[in-house]
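Naming follows writing order (A, B, C and D), and every chain is counted from residue 1.
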Amino acid sequence: MDLSGVYTEMIAEHNKSGRNKKHLVEPTIVLKGRNPSCGDEISLELKVCNGVIEDAAFTGIGCAISQASTSMMIDLIRGQNVEKAQEFIDTFLGMIKREITDDDDLEILDEAIALKNISNMPARVKCAVLSWHTLESAIKDEK
Amino acid sequence: MDLSGVYTEMIAEHNKSGRNKKHLVEPTIVLKGRNPSCGDEISLELKVCNGVIEDAAFTGIGCAISQASTSMMIDLIRGQNVEKAQEFIDTFLGMIKREITDDDDLEILDEAIALKNISNMPARVKCAVLSWHTLESAIKDEK
Amino acid sequence: MPNEYIKDFPILQKPMNGKSLVYLDNGATTQKPLSVIQAVDDYYTTFNANPHRGAYDLSVKATEIYEGARETVQKFIGAANSYEVIFTKNATESLNLLAYSYGMNFIESGDEIVISIAEHHSNLVPWQQVAKAKGATLKYIYLDSVGRITQQEIDAKITDKTKIVAVTQVSNVLGIINPIADIVKKAHSVGAIVIVDGAQSVPHFKVDVQALDIDFLVFSGHKMLSPMGIGVLYGKEALLDKMPPFLCGGDMIDYVWEQETTFAPLPAKFEAGTQNVGGAAGLAAAIEYIGKIGFDKIEAIEADLIQYAIPKLKALPYITLYGSDDLSVKTGVIAFNVADIHPHDVSTILDADGVAIRAGHHCAHPLMQYLGVNATCRASLYFYNTREDVDKLIDSLSRVRGVLGYGS
Amino acid sequence: MPNEYIKDFPILQKPMNGKSLVYLDNGATTQKPLSVIQAVDDYYTTFNANPHRGAYDLSVKATEIYEGARETVQKFIGAANSYEVIFTKNATESLNLLAYSYGMNFIESGDEIVISIAEHHSNLVPWQQVAKAKGATLKYIYLDSVGRITQQEIDAKITDKTKIVAVTQVSNVLGIINPIADIVKKAHSVGAIVIVDGAQSVPHFKVDVQALDIDFLVFSGHKMLSPMGIGVLYGKEALLDKMPPFLCGGDMIDYVWEQETTFAPLPAKFEAGTQNVGGAAGLAAAIEYIGKIGFDKIEAIEADLIQYAIPKLKALPYITLYGSDDLSVKTGVIAFNVADIHPHDVSTILDADGVAIRAGHHCAHPLMQYLGVNATCRASLYFYNTREDVDKLIDSLSRVRGVLGYGS
């Protein structure tokens, strides 16, 4: 295993910065995501108006991979409508499950492509997908 | 394993004859002996007067070894007092457990010495000792 | 007839009492091929770690082996989902899991539990206990004169009060194959669930849980080439989901607080503590080995052996056979007695010739009582047995009465 | 420092991620020496049969191996009688057996069950269930600031209402050795029985059940060199005798009728179904291997490694250690965290260097809550570890923060 392919600078940066780790002023949706086997817990906050995710943030604890994955996801979905967010989710989960492998198809994920190598680490896959599953549940009723 | 050392003529003879396999007219003690793992069951009948086993017999089902062992035991104890019967029991169980190995010490067992080789057959030891344990329980209160 | 599989079984190459081993106690446990022994060794020499618990490579490998084995079992029995396959230590534990978790929670006073008189104690005593604890009635399906379950008995015993029907697919004494499809049909029509004891069937022919529409299936690895200490409980998702956990402890929880616990989803919910990964690896290798031979072949070999053996046994006038010998309802398990000779003596005498059979009640007291016998001999075959093995059995049997001083 | 035992462990000879394996997850499961792997192989290639059930030679041999293993365990833990040793599949099953058979039958409403806050889920969730089912109270012994159980807590929590005290001898997170003798004294003075979870103690130092006067002891084979799928429950005869059976089925009965069953005496009463004879053979070989080294030696090696490791860990300013490092109450289990870095990341980063440690809650949620952490790292040693292993651990740890972009 090549560590530098996992803990890339971008992941380290997202994990450390805490840029998206905060409370929103008036979230319309707050949803907890849990990973019992790791003990990881995040709380995802969204402000959705007319099908558009105007803002997003999170709080909670977890490993660098889950924290970075959440932070990157928030960067991606901020300002997007829920249909687009679902497209991000499908693409991201497809990447981790190795169902989508073509770089062109992954391009929309932007920085989150950095998590591609997690698909080689079965023990850490759960960390990477936690926030994406949480988001999926959160926006289900908004579509 | 040498079969002829186990199923000796004497054992075959005792098993077949059924000489001691019957009911007594007026038994003073009737005790059941069971070997759950084999399904064997014997019912030992004794007529004990003033500490002497005047007569003995048995009924029940079991393999050749348990039937022969019971029949030989009955031949041995008939007419003996309970102390002597206990001596037979101790000697027989000692033989099967290989605690008594000297032929001179075993001599009192007479025909029952034929069961000595059973001590080499762990799966069949229970068959050989069933009636002896039953007898021991039966005469406990007579001593 | 040469048998191409014997070479795969180390133990069958070794002499027993100076003779080559004729192993005819496959109903009790089977021998293990080298590929199974090797799979377990490989696990311990290369991949051993506690699965599910570690983020390091070795633990991930152990998890892959363990979950891979679950998928192998899933495909083997045709389950819809791998998480419907729960690993246990043997069929007995699987049945007790059902008795404790399903029986003790969903059976009420006045309910009826139906089993057959041919059940192994492991599919009988647990239901006695449930019936007693819950004030339910334990009812028996009896057999016809040749050991079969008739439609009449099925209709008579399975009623509107029936909540559980627990029945063996193949009797471990008579080798008779029970009409599971008919039982399932009747049971489901009255809303009862069906538990199938596959201990003697799964190793010998294809059992497809979805095709049979059975609710639960149990079996033991050690009766189908794999090591001891691994067994299986299959259950339909909806049923397993509504059952409370059986064993509690590590790995079957989501969250634990001082006074409360939430439980993990399937299959973890039913797998407390460190599981037998080596055993699961062995079971997967056993299923692969069986798959390579194919059940068609296995059934053909066993059918050939029974067809060869039955007339030879019948030709010995002092032999009594129990149960039907109609090949359409019979596997390679043959129960018999030798006139005047107790089964234990038969077994000892055969052992001296290197022929291993079983003698006794075969963990089926009520069936013995029903048949009116104290014990029987049992020869049970598997695909590595040969006509030569049958010849040796017959040969040895023909000497038994002589050894004990009886004419033939 | 050269370690003469490594050569006996095939897996320690194989590279992991291109580096030689530094296995520091012995608290989860240990590796297996060749002699153990070989003992299991020998069983399956030479003696395999269903024990207790056959009158033929092979079955007798299997019985001897199985019952011989029981005697080996008896001597190993100083039990008075071999039938006080019950084989299970792991410590978790042993504890559940006690919860179902002892707890559910002898605990009444208003009774108290006392455990420690450091219990593994396997010695915690079953007692929660018993307390709930029976209307009893589950009370916790808390720890002092360095993880120890004090006499004061013992006296405060064990009262006249206490019926069961179930406590681990060594914490699987902190490695702290609990004062079992003091607990037994207090518990017996109020008429309570004591269940000792020896999963983390029995592999590492001599545990003598009679000397400690404990009522029950449980442990797992796989944490002490033997294969998975075999565990032990020791119990005092008088207590085991009055307990009803747990699992029901083959081999644990005397007689079975359609509606009644009588049960076999110890130990068969608690061993339903076909047991893991291969596993028992492996456990016996493991105990022999440990016996050859001797606990004096094992303790000395582990003490040397902790004494070597603790100062080195303390020298890293970003490491937090949990629990006392007083060697008189500590085994080779070290819980720690790296500042700013989640334990799972630590474990992944160490794994890249071939260093296997565990990260998470270690099946001890309530202890995590008590310590106020979400998870920890854990390095757990055994006698085949070396100072070099510790060096590699420290070395790898010193790189962790850098990998995630933190200064050291």
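To be clear about the criterion, a contact is a pair of C-beta atoms (placed from the backbone, for glycine too) under 8 Å apart; a residue touches a chain by one contact, two chains touch by 3 or more.
Here's who's who by UniProt: A, B = Nitrogen fixation protein NifU; C, D = Cysteine desulfurase.
These numbers were taken from a predicted model, which means no experiment stands behind them.
K.L.:
Count the C-beta contact pairs for A-D and for B-D, then tell me which is higher.
P.N.:
A-D
K.L.:
Which chain has its C-alpha centroid at the greatest distance from the C-alpha centroid of chain D (Cysteine desulfurase)?
P.N.:
So the chain farthest away from chain D (Cysteine desulfurase) turns out to be B.
K.L.:
Using the average of all C-alpha atoms in each chain as its centre, how far is it in Å between chain A and chain B?
P.N.:
So the centre of chain A lies 81 Å away from the centre of chain B.
K.L.:
Between chain A and chain D (Cysteine desulfurase), tell me the centre distance in angstrom, where each centre is the average of that chain's C-alpha atoms.
P.N.:
About 39 Å, centre to centre.
K.L.:
Approximately how many whole Å separate the CA-defined centres of chain A and chain C (Cysteine desulfurase)?
P.N.:
47
K.L.:
Quick one: which residues in chain A touch 2 or more of the other chains?
P.N.:
1, 37, 121, 123-124
K.L.:
Any chance you could list the residues of chain C (Cysteine desulfurase) touching two or more other chains?
P.N.:
Within chain C (Cysteine desulfurase), the residues that touch at least two other chains are 17, 54-57, 59, 253, 255, 344, 348, 351, 360.
K.L.:
Can you tell me which positions in chain D (Cysteine desulfurase) touch chain C (Cysteine desulfurase) when the two form their complex?
P.N.:
Residue positions touching the partner: 10-11, 14, 16-17, 21, 23, 25, 28-29, 31-32, 37, 40-41, 44-46, 48-50, 53-59, 89-93, 95-96, 99-100, 117, 120-126, 128-129, 138, 140, 220, 222, 227-230, 246-253, 255-261, 272-279, 344, 347-348, 350-351, 355-360, 363, 365-366, 369.
K.L.:
Touching residues of chain C (Cysteine desulfurase) toward chain A in the complex: what are they?
P.N.:
It is residues 52, 54-57, 59-60, 63-64, 253-255, 264 of chain C (Cysteine desulfurase) that touch chain A.
K.L.:
Tell me, which parts of chain B touch chain D (Cysteine desulfurase) in their complex?
P.N.:
Touch list, chain B to chain D (Cysteine desulfurase): 1, 34, 36-37, 121-124.
K.L.:
In the complex of these two chains, what residues of chain A are touching chain D (Cysteine desulfurase)?
P.N.:
Residues 1-3, 6-7, 9, 12-13, 15-16, 37-39, 61-65, 67, 121, 123-124, 127 of chain A touch chain D (Cysteine desulfurase) in their complex.
K.L.:
Where on chain D (Cysteine desulfurase) is chain A touching in the complex?
P.N.:
These residues of chain D (Cysteine desulfurase) touch chain A: 17, 341-345, 348-349, 351-352, 360-361, 368, 374-375, 403-406.
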